[in-house]
Amino acid sequence: MKPVVVRNIQRTDRKLCGVLANLGVSTVHEAYGRIGLMKTYMRPIWAGASVAGPAVTVLAPPGDNWMIHVAVEQCQKGDVLVVGCTADNTDGMFGELLATALKARGVVGLVIDAGCRDVKPLKEMGFPVWSRAISAKGTVKATLGTVNVPVVCAGVNVEPGDVVVADDDGVVVVARKYAAEVAQKGEKRLADEDAKRKRLAAGELGLDMYNMREPLGKAGLIYVDRLEDI
Amino acid sequence: MKPVVVRNIQRTDRKLCGVLANLGVSTVHEAYGRIGLMKTYMRPIWAGASVAGPAVTVLAPPGDNWMIHVAVEQCQKGDVLVVGCTADNTDGMFGELLATALKARGVVGLVIDAGCRDVKPLKEMGFPVWSRAISAKGTVKATLGTVNVPVVCAGVNVEPGDVVVADDDGVVVVARKYAAEVAQKGEKRLADEDAKRKRLAAGELGLDMYNMREPLGKAGLIYVDRLEDI
Amino acid sequence: MKPVVVRNIQRTDRKLCGVLANLGVSTVHEAYGRIGLMKTYMRPIWAGASVAGPAVTVLAPPGDNWMIHVAVEQCQKGDVLVVGCTADNTDGMFGELLATALKARGVVGLVIDAGCRDVKPLKEMGFPVWSRAISAKGTVKATLGTVNVPVVCAGVNVEPGDVVVADDDGVVVVARKYAAEVAQKGEKRLADEDAKRKRLAAGELGLDMYNMREPLGKAGLIYVDRLEDI
Amino acid sequence: MKPVVVRNIQRTDRKLCGVLANLGVSTVHEAYGRIGLMKTYMRPIWAGASVAGPAVTVLAPPGDNWMIHVAVEQCQKGDVLVVGCTADNTDGMFGELLATALKARGVVGLVIDAGCRDVKPLKEMGFPVWSRAISAKGTVKATLGTVNVPVVCAGVNVEPGDVVVADDDGVVVVARKYAAEVAQKGEKRLADEDAKRKRLAAGELGLDMYNMREPLGKAGLIYVDRLEDI
Amino acid sequence: MKPVVVRNIQRTDRKLCGVLANLGVSTVHEAYGRIGLMKTYMRPIWAGASVAGPAVTVLAPPGDNWMIHVAVEQCQKGDVLVVGCTADNTDGMFGELLATALKARGVVGLVIDAGCRDVKPLKEMGFPVWSRAISAKGTVKATLGTVNVPVVCAGVNVEPGDVVVADDDGVVVVARKYAAEVAQKGEKRLADEDAKRKRLAAGELGLDMYNMREPLGKAGLIYVDRLEDI
Amino acid sequence: MKPVVVRNIQRTDRKLCGVLANLGVSTVHEAYGRIGLMKTYMRPIWAGASVAGPAVTVLAPPGDNWMIHVAVEQCQKGDVLVVGCTADNTDGMFGELLATALKARGVVGLVIDAGCRDVKPLKEMGFPVWSRAISAKGTVKATLGTVNVPVVCAGVNVEPGDVVVADDDGVVVVARKYAAEVAQKGEKRLADEDAKRKRLAAGELGLDMYNMREPLGKAGLIYVDRLEDI
């Protein structure tokens, strides 16, 4: 693999990103057919943020953040920076100064399969990060990687320009060509859920609302009065 | 094991549950003889909640929440729903809609040895969950399990009707027949601790208050002035 | 190893501790040459605290907090209590009563390579703890250990009197003899970062500010317009 | 929970144990309806052993093997000793001397949700152990637990006398009352598999043998010639 | 993502696969520029096997092996079957019967980011498997996935036809288009190492052989006689 | 911390090392008062080796093996090389070539809190390694560390010259000044165990041999005939 930076990528439409951010990770994940979800170890360093934007992708050697500095220049307003590593790593590859640089370019968040530091200042400046660890461990600038080449981050292959959706439930990545379809399905799902929520809140049982009783019976579910009756 | 739902269970007295909720997990765990504590990976999805109630128990296949839908119908006001899995799993088997259904029935919380999603809405609606992971991963409805059959959840065998106590310190389960005894011991312990707290706050040493100096000496503890003196 | 308590230790100067607390863990870690950082599993039980103080050290058997009681007496105003174990352990070896005793002596925080309980009361009383787990699991008082003998805690060898710095980024330990040098370097670093932060916030690229373009080119970094051009 | 030793337990019939040992863990687990399997972290300390026998159960405090010594006396020829702990623990609670004592009584193996030591001598004497860790960490004899009271071990609730089956695939526990039924189903399953194995070895496809093509098609599976055709 | 099976894939040349198998994982990984290595949790279920072959890829839902049955039909002589999951999973999705079917088609090994069972029979029949866990946990056949669509397995994105190299050091994946270049570089590397091995075995120091003394000195390395001299 | 190599260290007497190697890790750990044991994640890459020797210590940055090359020159016949890292790391920092160099100098083994590669050749050449992971991941040579300065490795602080004992049970480190005392106690312990082993093999109960019945009774242990009698 050559150490390369790709300058031009095709970004998911910004409006679609906005729709997906509003839908949230869990709804998008369902609408996408239950794929594209990063590992559950990816957690927000502070709660409450919710973002979506096209991915600028970085492949970095473990414990080396040189390529993140390189990637900043390739970022545009609304982007999400996505960093994968060539080996498992928890070092603090990202902190307040890099966040300042990204914020100045309008980047809306960072997703990194490694560690993050400066948690308190990042929260104060309102820059959201999803990472696998919090670590003050400083990193070197010794080895090259790639920018805007497809990268595996926390179990998901991210193509540059794919839309990354992240909130308190985690991080999901939708391929650019499916973004519109997923947004549409997600909005339909949300509308359906709204109706269901009202019925459930009124005391209706999911067993009835979803017509589960018959398939459960067919599958062999038995009801007894007491444990001793089994 | 037959796929069975047991309709009638004997619940721990609600008043006792209230007493145990007030005592909190750590005091209850001590009063119970230091048993019944779930694994430390069971964490609240939002901080500050404190509940206790009789267990309605579910055994579910990993990544399959069909039986949770079945269990809702068996829940009553004040219950805690407890979900164990037949294999390690972190998928998001529970979210806002199921919480809406449980809340409508007066269920006070969920304890699940798997993942949970919709973290932000769950916090907003004030429904507390203790889980091993946060995950947007959707689940199927394909395989049966059991409801109100004893289930191992996060290392503890939970009998239906046992009282489940959960707060920021974790989750502890007390067998129904010991609940009154544990409540009584816990209240005594709390009263004792109150007196101790005052003495310690006033500067008294635990070494003196607990009469530890003599047993420490007998066990062979040595005091020296400097490290070099050893 | 004899079970011994060392009464007199040489503490890092309190003023220096204050400087290091202000610098914070990440800056101190960098100024110290990127060593001395505890494992990333050491997390604050509540966010926002920031402390630094000389270490009083405890080596405890797993699941046994007898030596913590012994150590309280050796603590002075401004100290940080540091507890290591002879084997991996997550039991709740520390809680509200011990915190009350430490607070009465002016101890500013606890760092423990084991579990902690009473999370809510500890937060309410403002006593900060960094631990590897939260656990209600009670402990015994059966086996001796040491106090103020060097101890390995979460991967770092801590000498009594070394300064322990802890905040939301984790825990770093600086040897007493290097504390002044690290404080000085850290302050210089902070001043430098302040200037850099302003330039980055104004949109200057790190690539230019750090003069990275030439070494990146020498290392072989290539820019292409499209992925297909590689 | 009182610290108690139960002297008389009802053991699963020895002949049935022999049948289940021959079937092996994976077949027994399937025949039992895919329940009863211990966590996958339970591994044999040496490969190749295969045992089954009625459980003598121990609940021990972490890092304390006093109750294992107590349990030896309750063991009979053909038994499997099962040890659970009240908290997660990896200490070396079992070694060569205890194995010598168990072997003298005819015990066929140990299953322990903690650590084991003396790996080489245990292998030389042919005593099989399934444990969560290998650790030389010595343990104390300070706190009581129970013998022959139901115990949760590695995620499974084990009743004294239940049959424990263990081999290179892990450990599964079958309730005494289901042992005969499971043995019968397992033997049928094994016979079926034998026929299937021959057909598959001859090149027949599982797709055809199991008649999967139709349900796959109904579920919506599509075949295309090239990736680009999707 | 549509549930699709791609029938025709472009396989890495078999001769090249043979060369890469001989080079072994560590050499191939170096020759490939230190990328393409799967997570270190991927371990052989038995030691000593060494294989390389074009990937037939499967994306499966966790705990569901339906698509593995589908994939068998797409396998040819010399292939390696690669299975990724949509969520973390350790269930025993693969065992002896599937291995029999794969072996009948000439498949040389399986790489699965989930569990494997029937360890002993698989070893006896000489079918090598690299997996993240050993587990008897049976799986369902309820949900579709994909075959021969790119899949992330243990942190690496695998395109159908890429060459998978696996031995006791782990698993590395080389893109088809780089296979020849990597093979060539790897053979050169091996030849170089052979010469180095002889010099090192004769007592020559790496410091001298690699000319490290000067760069070490420039980087600031200091030699002192005693620790006290620092 | 300056990047320094200390040339002269005081090694534990070779004869003592031989005695400790014969005693083995578990006995040495007990004789040393149950301290000095490395984390249980440190496992031999091949089973059966048993070594002891004075430690030559390395502190390395994660994913950087430059200092191991430096350390080779400082090694003498009978030494054990011990490598700690400044952050958690599993990269393959050590392989066949370095082993060839160490073997040429008479080094008897390596203990590394990181990854190791070339497992098969290392086994074939009989060079034993205890590591936290097996990984083909190559490393850089970019950042300095230290040689023969005290280092924390897998939870234990190792002083240069301390004796490192390693076998299938793990790794234990004994301070040089305690080596003779530990050897003596260990030999006595072994002799005692020999006598005990014979008595236990003859069917005597540990309960009687260790006179446990009385203290167990005093602690409150109760015997009942059936579980229902509790």
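Per-chain numbering from 1; labels A, B, C, D, E and F assigned in written order.
The rule we apply is simple: contacts are C-beta pairs under 8 Å (C-beta built on N, C-alpha and C of every residue); 3 or more make two chains touch, one makes a residue touch a chain.
These numbers come from a predicted model, not from an experiment.
By the document's definition of touch, common neighbours of chain D and chain E comprise B, F. Most remote chain with respect to chain F, judged by CA-atom centres, is A.
In terms of the distance between Cα centroids, chain D is separated most widely from C. Here chain C and chain D face each other with the same set of residues for the most part; over half of the interface numbers are shared between them. Rounded to whole angstrom units, the spacing between the C-alpha centres of chain A and chain F is 42.
If you average the CA atoms of chain A and of chain E, the two centres end up 27 Å from each other. Computed centre separation for the pair chain A/chain B is 30 angstrom, with centres defined by C-alpha atoms.
For chain A, the set of residues touching two or more other chains reads 34, 37, 40, 61, 86-88, 90, 135, 137, 143.
Every pair of chains in contact is given here: A-B, A-C, A-E, A-F, B-C, B-D, B-E, C-D, C-F, D-E, D-F, E-F. Considering their complex, residues 24-26, 29-30, 34, 37, 40, 43, 47-48, 50, 167-170, 172, 193, 196-197, 200-203, 205-207, 210, 212, 216, 219-227, 229-230 of chain A touch chain B. Here chain E touches chain D in the complex through residues 2-9, 66, 69-70, 72-73, 90, 92, 95-98, 100-101, 103-105, 115, 117-120, 133-138, 141, 143-144, 148-149, 160, going by the rule given at the top. Every residue of chain E that touches chain B in the complex is listed here, in rising order: 61-63, 86-91, 135, 137, 140, 142-143. Against chain B, in their complex, chain D makes its touches with residues 1, 32-35, 37, 39-40, 59, 61, 86-88, 150, 152, 155-157, 178.
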